[in-house]
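Look at the two complexes coming up: chain A is in both, with chain B in one and chain C in the other.
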Partner chain A sequence: MGYLSSPRASGLPLPQPNTLAGHLWMAGDPGVIDEMVSVAVASLNLSEAEIEDLRLYAQERSAAIQTLAQALGHAEDEPELYPTIAALWLELRFDWQRHNEVMNYAATRIMPLPRVAAHGAVGSAILARLEDLLLPEHRDELAGHAIRLLEAVVPPQTQLVNPS
Partner chain B sequence: MIASAVKLAALVSGPEFAQAVLTHGAAAGVSPEEFPRLTASALRRRGAILDVCNALGAKGDEDDFYRTLAAIWLELRFEWQRHNLVSNYGTVRHGCAAPLSLALAGASSALMAQLESLLDDTALARLGEFAAQLIEGTHGVLSAEATQVSNAAAHAYFPAGS
Partner chain C sequence: MSFVSDNIFKTLPNISRADADAAGIGIVQVDDQGVIKLYNKWESEMADVPVPSAEGRNFFTQVAPCTNNRLFFGKFKDGVGQGTLDTEFNYTFSYKMKPTNVQIRLYRHPASRTNWVFVAPRAA
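Coming up: the complex of A and B.
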């Protein structure tokens, strides 16, 4: 099953090349992202079904990036587009971290999951393409803030109760 | 397996989630050609949550499991906001939103609802506020001035035609 609704085929105008939306569009280039899949497939032992699932995952990420670029593709959208790219970057970063977390736990319990490793590798490569659109200090501060928020989350039964 | 992992695995594997995805798809007007993508996407999300339940659901993993659920909720919240934003722009610019975006937002929302039954309201409020501020551009890190600078930086990183 291929990707069924390519942003390029939507009939909507493409973003101008020399704009933030244009750069975002290029970051989601499906051809480049498909090459990332091929690299991951070459290095991991995946079944045909797992390879197909990985391709769909990558195509979905590519479409998410390009759909956003197309939707906010006008020059006057740039101030709103930048924080939206930051949010998408965090979304993909959480996706990548989750794959890593699952992979690490699986590895310690001797149940390797090449399928999860492949998604993590492709997710990481896509993340790297978005990173160049954000200032490093913004990435650091946003990721740090998100990590602090999540570190403060504890299961209700282990929350400290103030004795007073 | 810890109780919350068992409960979550049962919730996302149950018929309610699958039914919610189909209902959102039909209500949004997703075409028969696009329905396979909607269901494949929803199944992948569900599979990712089941992976977490299986990998981090053993006794002793409670804190990491709970934080990972919170991170998944935040990831889905960002995704839901993104689909809504794209739909809103489509409505304003072209008079209608893409049905698939609306349906994917609905699928994200259905999974978020399953996770919310296991997460603390205070934590959810804090995470939700962060996500909303970020996409609205009102989070302190992303001032308007900084955004101008970063647009210029992006142009430098990706020269025209590269």
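Coming up: the complex of A and C.
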């Protein structure tokens, strides 16, 4: 789907092409993201309801990305847009991380959860599209901070023994 | 019976890049912290991560962050800490790829104290 043929995610004007906001708009292209959904669907055994749920999940993220691109679409917004993209990348990364944990722990202990695997796969594919807009050193720094942030959170011993 | 053949084990720890690339499974050598020393062609293609982008980076936190949990990295750290890393288990990779079910073997070569991650596909 081309730049101008993408449906508008909101009533805001389209960002200019070849700007950070323009690239972000393209990263959220619903046509491309829908192709990611199709790839995930082809590799997993999902019910019709689960496929619909996955499409909705992907469309919501596509719309969030494109709305951000439109809302901070002026050239003077770029200094604020860049860290906001970084924040969105972190948000999606934590979201993917949760899906990854649920998927692998569930598979180990009970049974595979293809719905969760599908959400994780699509979420990480969207993450990869945003990642291209961040400098590699910033991406590494964010990922490192995210890991250290969670490593520092150790539950009190009483909670481990008695969850109530 | 492991998916890693005896022939591969016999080549450790000095397996050449050519031999590693010729293997039909993923072969990754990492140091005790997880920094990648060798990343073979199969693994590179499966993960869609070019070899130069992987080697020198941390396998568990930077290249394959889906392994940064107690199920995977935890087993590695425990095994390296005890000097007896040798475990095989099923896992699913999902980071920037379609969900891919794999078998994993984590192995520490006792004599050379080198660490190896072997990866092979498995049916769901």
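Here is the rule we use: the second predicted complex is superposed on the first by the 147 of 164 C-alpha atoms of A that agree within 3 Å, B and C clash if a C-alpha of one lies under 4 Å from a C-alpha of the other, contacts with A are read in each partner's own complex, and residues count from 1 in each chain.
The working rule: a contact is a pair of C-beta atoms (placed from the backbone, for glycine too) under 8 Å apart; a residue touches a chain by one contact, two chains touch by 3 or more.
From a predicted model like this one, the values you see are computed outputs, not experimental measurements.
K.L.:
With the two complexes overlaid on their shared chain, look at chain A and say whether chain B and chain C clash or fit.
P.N.:
Chain B and chain C fit side by side in the superposed model.
K.L.:
With the two structures laid over each other on chain A, which partner does A:Leu133 touch: chain B (first), chain C (second), both, or neither?
P.N.:
first
K.L.:
Given the touch rule stated above, what does A:Tyr105 touch, chain B (first), chain C (second), both, or neither?
P.N.:
both
K.L.:
Can A:Leu68 be said to touch chain B (first), chain C (second), both, or neither?
P.N.:
After superposition on chain A, A:Leu68 lies in contact with chain B alone.
K.L.:
Taking the superposition on A as described, I'd like to know which of chain B and chain C A:Glu60 touches: first, second, both or neither.
P.N.:
Only chain B is touched by A:Glu60; chain C is not.
K.L.:
Once chain A of both complexes is superposed, is A:Pro17 in touch with chain B (first), chain C (second), both, or neither?
P.N.:
So A:Pro17 only meets chain B here.
K.L.:
Thinking of the overlay built on chain A, is A:Gln97 touched by chain B (first), by chain C (second), by both, or by neither?
P.N.:
So A:Gln97 meets both chain B and chain C here.
K.L.:
By residue count, which of the two partners contacts chain A more extensively, chain B or chain C?
P.N.:
For chain A, the partner with the higher number of touched residues is B.
K.L.:
Of the two partner chains, chain B (first) and chain C (second), which one does A:Leu44 touch, if any: first, second, both, or neither?
P.N.:
Once the two structures are laid over each other on A, A:Leu44 reaches chain C alone.
K.L.:
Classify the contacts of A:Leu88 with the two partner chains as first (chain B alone), second (chain C alone), both, or neither.
P.N.:
first
K.L.:
Can A:Gly120 be said to touch chain B (first), chain C (second), both, or neither?
P.N.:
second
K.L.:
Look across chain B and chain C in the superposition and give the shortest C-alpha distance you find, in Å.
P.N.:
When the complexes share the chain A frame, the smallest chain B-chain C C-alpha distance is 8 Å.
K.L.:
Counting contacts the way the document defines them, which residues of chain A are shared by the two interfaces, the one with chain B and the one with chain C?
P.N.:
Shared contact residues on chain A (touching chain B in one complex, chain C in the other): 97, 101, 105.
K.L.:
Within the complex, which stretch of chain A touches chain C?
P.N.:
Listed in rising order, the residues are 39-40, 42-45, 96-97, 99-101, 103-105, 107-108, 112, 114, 117-118, 120-121, 124-125, 127-128, 140, 143-144, 147.
K.L.:
Over in the complex, which chain C residues touch chain A? Could you list them?
P.N.:
61-62, 65-66, 68-69, 71-72, 89-92, 94-99, 124
K.L.:
In the complex of these two chains, what residues of chain A are touching chain B?
P.N.:
Those in contact with chain B are residues 1, 3-5, 10, 12, 17-18, 20, 23, 26-27, 53, 56-57, 60, 64, 67-68, 71-72, 77-80, 82-84, 86-88, 90-91, 94-95, 97-98, 101-102, 105-106, 109, 113, 116, 132-135, 138, 141-142, 145-146, 149-156, 158-159.
K.L.:
Tell me, which parts of chain B touch chain A in their complex?
P.N.:
Touch list, chain B to chain A: 4, 33-34, 36-37, 40-41, 44, 48, 51-52, 55-56, 58, 61-64, 66-68, 70-72, 74-75, 78-79, 81-82, 85-86, 89-90, 93-94, 98, 100-101, 119-120, 123, 126-127, 130-131, 134-137, 139, 141-142, 144, 146-147, 149-151, 153-155, 157-158, 160-162.
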